[in-house]
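Please go over the structures that come below.
In what comes next, chain A is part of two complexes: it sits with chain B in the first one and with chain C in the second one.
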Partner chain A sequence: MSDIVAPRRVVAWSAAVLIALALLPFIVPAYQTVLLSYGLIFAIAALGFNLLLGYTGLLSFGHSAYFGVGAYAVAFVVKYARIDSMEVFLLAGIAGSALVAALFGVLCVRYTRIFFGILTMALSQVLWSLAFKFFWVTGGSDGLRVPTPTLLGGLVRMPTGASEDKLGFLSHHYYYYVLALFALAVALMWVIVHSPFGKALQAIRDNETRAEFVGVQVWHYRWVAFLISGIYTGLAGALWVPLNGLTTPDILHWTFSGKIVFFTVLGGFQTFFGPIVGAVIFNYLETYAVGNTVYWQMVLGVVLVVLVLALPAGIVGTALRLWPRSRKVAVS
Partner chain B sequence: MDILLIHLLNALLYASVLFLIAGGLSLIYGVMRIVNLAHGNLYAFGAYVTAWAIGRIIGAGPEASIALYALLPVGALAAGALGAVIEPTLLRPLYNRAEEYQLLITFGLLLILEDLMRLLWGPYPLSVSALYEALGSLHIGESIYPTYNLLVIVIGGVAAAGIWAFVYRTQFGVVLRATSQNMRMASALGVNVNRVYVEAFSLGCFMAGLGGAVVVPQQGAVLGMGVDALILAFVVVVIGGLGSLEGALVGALLVGIVRELGITFFPEIELAVLYLMAAIVLLIRPAGLFGRA
Partner chain C sequence: MILLETKQLSKSFGDTHAVDHVDLQVAAGEVLALIGSNGAGKTTLVNLISGLIPLDSGALLFEGADITAASVHHKIELGIARSFQLVNLFDKLTALDNVALTIFSREGKTRRLLSLADHDSVVRREALDILESFGLAPKAQAIAGGLSQGERKLLDVAVAYALRPKLLFLDEPTSGVSTREKAPIMDIITTVVRSHHITAVIIEHDMDVVFTYCPRVVAMHQGRILADGTPDEIRRNEQVTANLLGTQEPA
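For the complex of A and B:
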C-alpha cells in the first residue's frame, strides 16, 4: 500500500512539468497552446488505453468506440437538449462511454490476445457504421457541430459580440480546463495502477493461471479495467469535441483505434508516463506531417515501422535504457 | 423469380471477391499466425496495378480486345511480388516477439501502402470500365444483367477450386499444412520454414491482388478501398474461422447473402448487421464455424 503515495521524486518532477505547462500560454502563440490541448486530451485517452495494454495485457483495437461515444454524447446533448455547459458535456461523455464500455466489456473480457483485439474492433465498427448510416441522428459523414461551451457552470464563457475571440478562449480558459482534468486523470490513474487492484491486473497480465489460483477473479478484474479504460477514453472524446468544434464518424473508425495504439507504443507502453509522452509527440508529428506533405500517412507509417523494428520500448522506454538514473522517476 | 436470381447472382459476385480477399488473409493467418492489417491494401494494390496496366494499353490503341482480359492477373502477380518483398524484410524479424508488434507493424504498413498508391497513381480514381462494358449484358427474364459479373463469379469459383487443389492435392500443399499445424516439427523434419512463409505470404497477397484485379473493371480503383475491404474480410474470416479456407468460403457466401439482403431490406443497418454477426460468432464459437481452437 505504501507506494500508492507517489515517491517524492515523481511528485517533484510532475509539479515542475505542470507549472511549466501552466505558464505556457503566456509564452507561446495561441495556436501552440491549442495544439498542446489536443495532445493532452489524447494523452488522457492513451492513459486509459494503457491500463488495458500495459497493465492488463489486453490489446484493444476498438478504443475509437469510447472516444467516439464520448464525443457523440456531447454532440447529442447540444443537438437535443441545447445545453452548452462543459460540465454537462463531461457527464454525458462519461456516462455514455461508461455504458458502452460496460456492455462491450462483458462481451470482450472473456477473450485474450488476437480474439480480444478483433472482437473489440468488430464492436467499434458496429458503432461506426451506425454513426455513418443514421445520418438523421448523427449527421452521417458531415458529423455534428458542437459550439464553444461555457465552463464551470457558466461562470467562464466566451466573450460574445464584437470582441468574440474563439481562439483566445480555447488557448487560455479551455486550455487550463483541459490541463486541470489531465492532471487529475494522471493522478487518479497513478493511484489506480499502484492500488491492490492495479497490482492484481499486473498479476493477471504476467500469469493468468497463477493469478486465478491465488484467488484473483480474473474476469471481474479485467471487466473493471475495461470499464475504467473506456471511461478515460470517453472523457478524452468529450474534451476533444468542443476543441475540434465538430464530430464525424472518422473518430469511430477502427483506424482511429490504430492511432491510439500507435501513440501508446510510441511513448512506450511498459512505463506509466510513456503513453502521455507518446500522445503529445504523436499529435505534433501528425499535425506537422499533415501540414507539410500530402503523404503524411507514409511519414507516420515509416515512424511506426522503424519504432517497432528498432525501438520497441518506445521513447520513454528507450530513454530509460540510455539514462538508467531517470528510471526511478518514470517507471510505474 | 428473375429478381431472386439477380439477387442471388449479386450475392455470389460479392462473395467471390470477398473470398479472394478473405481466403488470402486466412491462409496467411493459418500458416504464419499473423493478422495482416495491410491485407486490404494489397487488394487495392492489385486493383491499381491492373487498372494502370490495362489503361496504358487502351491508351495506346483504342481496341479493347479480348486479349486485355488476359492482363487481369497482372495486379495479382504484382501483389504477390510485393508480398514476397514484405515478408522477409518487415515480418520475419518479428516472429519471436509478442503478437502486438506484428499487428502494429502491419498497421504501419497499411499507412505506408495507402500513401504509396497515392504517390504512384495520384489522388483520383482509376477506372477501366471499357472491360466491363465490352462484354455487354444478357437478359434474365425481364431484367438485364452485366455479363462481366458472371465472369467474376466464375473466376471466384475457379480460384476457390484452384486453391483447394493447391493446398490439398500438391506436394507444396502438404508442406504448407504441415507447417501450419506444427512449425517446429516441420522445421525439424527438414522443411525450409522461411521459404514456406514467403510462399504462403505471397500466395495470400496474390489472392488479395486477384480480388482487386477482377473488381477493378466494375468499380474502379480508389484510395481507401483497401481499408474498407479489410474490415469486411475480417468479418468473413471471423465467421468462418481464422486460418480456415473452407471457413473463408462459407463466410464469404454468408456475408454475400446477408449483404445483398441488407441492401434490399435494411440498408441503414446493413454494415452493422455484418459486424454484429462477426461479434456473435466470436462470442459463441471464438474459433469460428470451421476453425480449430
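For the complex of A and C:
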C-alpha cells in the first residue's frame, strides 16, 4: 500500500546525504569538518530531546543534565582510570546518563507541561551546582581536561608529534567516528518513532486520558521515552567532550538546555529531521556570530527571533509546506 | 449470566450525591440504555465503573470477581472498554493509527521499539477491517483531528471496540451530531455490538434513539435509579415521565 511509511525512500535520501557527508573531509578545510562534527553531535542530543517534545509531548528544560553527565562521565574515566579508549568513553557516557535519566525520570514523568519543564530544569541545576562546588572531583569552574582518545579499541590513534596532527585527527578520523555514530543514532531513532512503542508515545502526546483507556500505561511509557532521550543526549555529551578537550559546568547549566530546545524548535519539532537540521544550523550561526562580532549574543538573538517569527513550523516544517512532495520522505 | 454488578456504588462531589447507592446488574449480551436528565449521574456512574474517577464506597463485580480496586489497565485487560461523550481521540494520528495503536496495546505489542508499526500486516488488516465495519474505511488515512463530528464519534467507538471488550460503555455516541446522522450512527454501532455479542451500556439523551435501539432502559434521577425495564415500561412509568421525559413524550 502506497501510504505505508516508505523506508526505501528515506533510506535512499539518507544514503545520498551520508555519502556527501563522507566526502566532505576531502573537499572542505579541516576546520569545517570539525565544526560539522559539533553540529552532528548536537543533532544527536536534539534527536533525543525531541523524542520527548515532538513525540511524547513533554518539554524538558533540563537536558543539559544528560549531556553534562555524558561528558563528565568521560572526564572521570580519564581522571580516575587513566583510560583513553573512545569505546570506554561511550560506555561510561551512556551508563552515566542512563542512570541519571532513569532516576530523574521517575520523579518527572508524573508531571506534564510547565510542571514537568520546571522540575527537569531544577534537577539539572542541582547537577550544575554539584559540578561547581565539588571542585576536588569535578575541577570546579576550571573543569576537567579530556585528551584525544584512541578509536576502535586502540586500532586508530593520533600520531604523536606536531600540533596540526590533532586537528588532522579530529577532522578526519574522529569526524568519521562521529558520522558513523550519528547515522546509527538517526536510524535507530527513526525505527523507534515508527515502532508500536513510538505510536504509543504519540498517542500519549495527543490524548493522555484516552491512551490510558486503550491500555497504555502512560507513566511507564513516558519513563522509557525519558530514559532513551537521556541516553541519546548523554551519548552526545560523551562524543562532544574529546572534541572540545575540556568539560566545564557550563554544559550542565540550564542555558545549555535552552540551546537544545532551540535546536529543535528552530528545525521544527513536529518533523523527524527538524532537530537535526536545527542543531547543525544553530551551530554554524553561533560559531560565525562569535567569530565575527563581540556582540554575538545580540546578533544571534536577533537572527533567531526573526527565524522563529518567520518560520513558526521550523526550518524543516516550513520546507515541507513549501514542497509538499517531499513530505513522504521527511515528515514522519 | 450477570456480567457486571454494582453494589451500593456511591460518589459525592461536595454535598452533591452524584451517584447515590446504585445497585445495577448488567447481563451478558444485552444492550442497555442509561437515561436521565443532565446531572442525573449517568456519566459519573460510567466514570466510576470504568475507573476514570475513584469511587467513594460500594463494590464492583465483573464476571463474579471483585474489581472494586482494579486499575484502569486491569479493567481493560478484563474486557471493559469505553468511549467518551466529548470525543477523545489521538488527533494528530490517522484514523487507521488510532485503531492500530489500540490493537497494538491490546496485544501487548506497544512494548516493541525495534519493529515498524506499519509493517505489521496482521494488525493493519484488523484495523482496516474495524474501520470498514464502522463505515470509516475511506477515511483510514485521514488525520483524526480533521474528521467530521459524526466520523469522530464513530471513530471514538471504533477505538473502544478495537480492544475487543466484553463490556462496552458508550457515553452519548450521538451527541453533537445532526438528527439526520443519529440513526445511521446507531445502526452501525448496534450492528457491530450485536454481531460480536458485546454487552453495551449506552448513555443517551435522545429518547427516539433509546426506544428504537435498546431493549432495556435504566432511568436515573439525582444519582439514583428511578426505573428499570423495557422501553414500553419506561414510557408508561409515571415517575419517569414526570422527571425525565416531560413534554418530549406525546400522550
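The criterion applied here is as follows: the second predicted complex is superposed on the first by the 319 of 332 C-alpha atoms of A that agree within 3 Å, B and C clash if a C-alpha of one lies under 4 Å from a C-alpha of the other, contacts with A are read in each partner's own complex, and residues count from 1 in each chain.
Keep in mind that, in the parts below, contacts are C-beta pairs under 8 Å (C-beta built on N, C-alpha and C of every residue); 3 or more make two chains touch, one makes a residue touch a chain.
Source: prediction; values computed, not measured.
Colleague: Once the two structures are overlaid on chain A, check if chain B and chain C clash or fit side by side.
Modeller: By the criteria stated at the top, chain C and chain B fit after superposition, with no clash.
Colleague: Who does A:Val216 touch here: chain B (first), chain C (second), both, or neither?
Modeller: Once the two structures are laid over each other on A, A:Val216 reaches chain C alone.
Colleague: Between chain B (first) and chain C (second), which does A:Leu311 come into contact with in this model arrangement: first, second, both, or neither?
Modeller: It touches nothing on chain B or chain C.
Colleague: Between chain B (first) and chain C (second), which, if any, makes contact with A:His194: first, second, both or neither?
Modeller: A:His194: touches chain C, not chain B.
Colleague: Report, please, how wide the angle is at the C-alpha centre of chain A between chain B and chain C, in steps of 10 degrees.
Modeller: Computed from the C-alpha centres, it is 80 degrees.
Colleague: Which of the two partners, first being chain B and second being chain C, lies in contact with A:Leu300: first, second, both, or neither?
Modeller: first
Colleague: Please work out whether A:Leu243 is in contact with chain B alone, chain C alone, both, or neither, and reply first, second, both or neither.
Modeller: neither
Colleague: Return first, second, both or neither, reflecting whether A:Ser129 touches chain B, chain C, both chains, or no partner chain.
Modeller: first
Colleague: Which partner, once the models are overlaid, touches more of chain A's residues, chain C or chain B?
Modeller: Partner touching more chain A residues in the overlay: B.
Colleague: Go through the superposed model and pick first if A:Leu59 touches only chain B, second if only chain C, both, or neither.
Modeller: The first partner, chain B, only.
Colleague: May I ask you to decide whether A:Leu107 touches chain B, chain C, both, or neither, giving the answer as first, second, both or neither?
Modeller: The answer is first: A:Leu107 touches chain B but not chain C.
Colleague: Touching A:Leu99, do we find chain B (first), chain C (second), both, or neither?
Modeller: After superposing on A, A:Leu99 lies clear of both chain B and chain C.
Colleague: Determine the nearest approach in Å between the Cα atoms of chain B and those of chain C after overlaying the two structures.
Modeller: Superposition on chain A places chain B and chain C at a least C-alpha distance of 15 Å.
Colleague: Under the stated contact criterion, what part of chain A meets chain B in this complex?
Modeller: 53, 59, 61, 107, 110-111, 113-115, 117-119, 121-123, 125-126, 129-130, 132-134, 254-255, 258, 261-262, 265, 294-298, 300-305, 307-309, 312
Colleague: Would you tell me which residues of chain A are touching chain C in their complex?
Modeller: 3-5, 7, 191-192, 194-200, 202-203, 205-207, 209-217, 221
Colleague: List the residues on chain B that touch chain A in their complex, please.
Modeller: Those in contact with chain A are residues 35, 37, 90, 93-94, 97, 99-101, 103-105, 107-116, 118-119, 123, 227, 231, 234-235, 238, 242, 267-272, 275-276, 278-279, 282-283, 286.
Colleague: Okay, in this complex, where on chain C does chain A touch?
Modeller: That would be residues 50, 52, 72-73, 76-77, 81-82, 84, 88-93, 97, 100-102, 104-106, 109-120, 141, 159-160, 162-163 of chain C.
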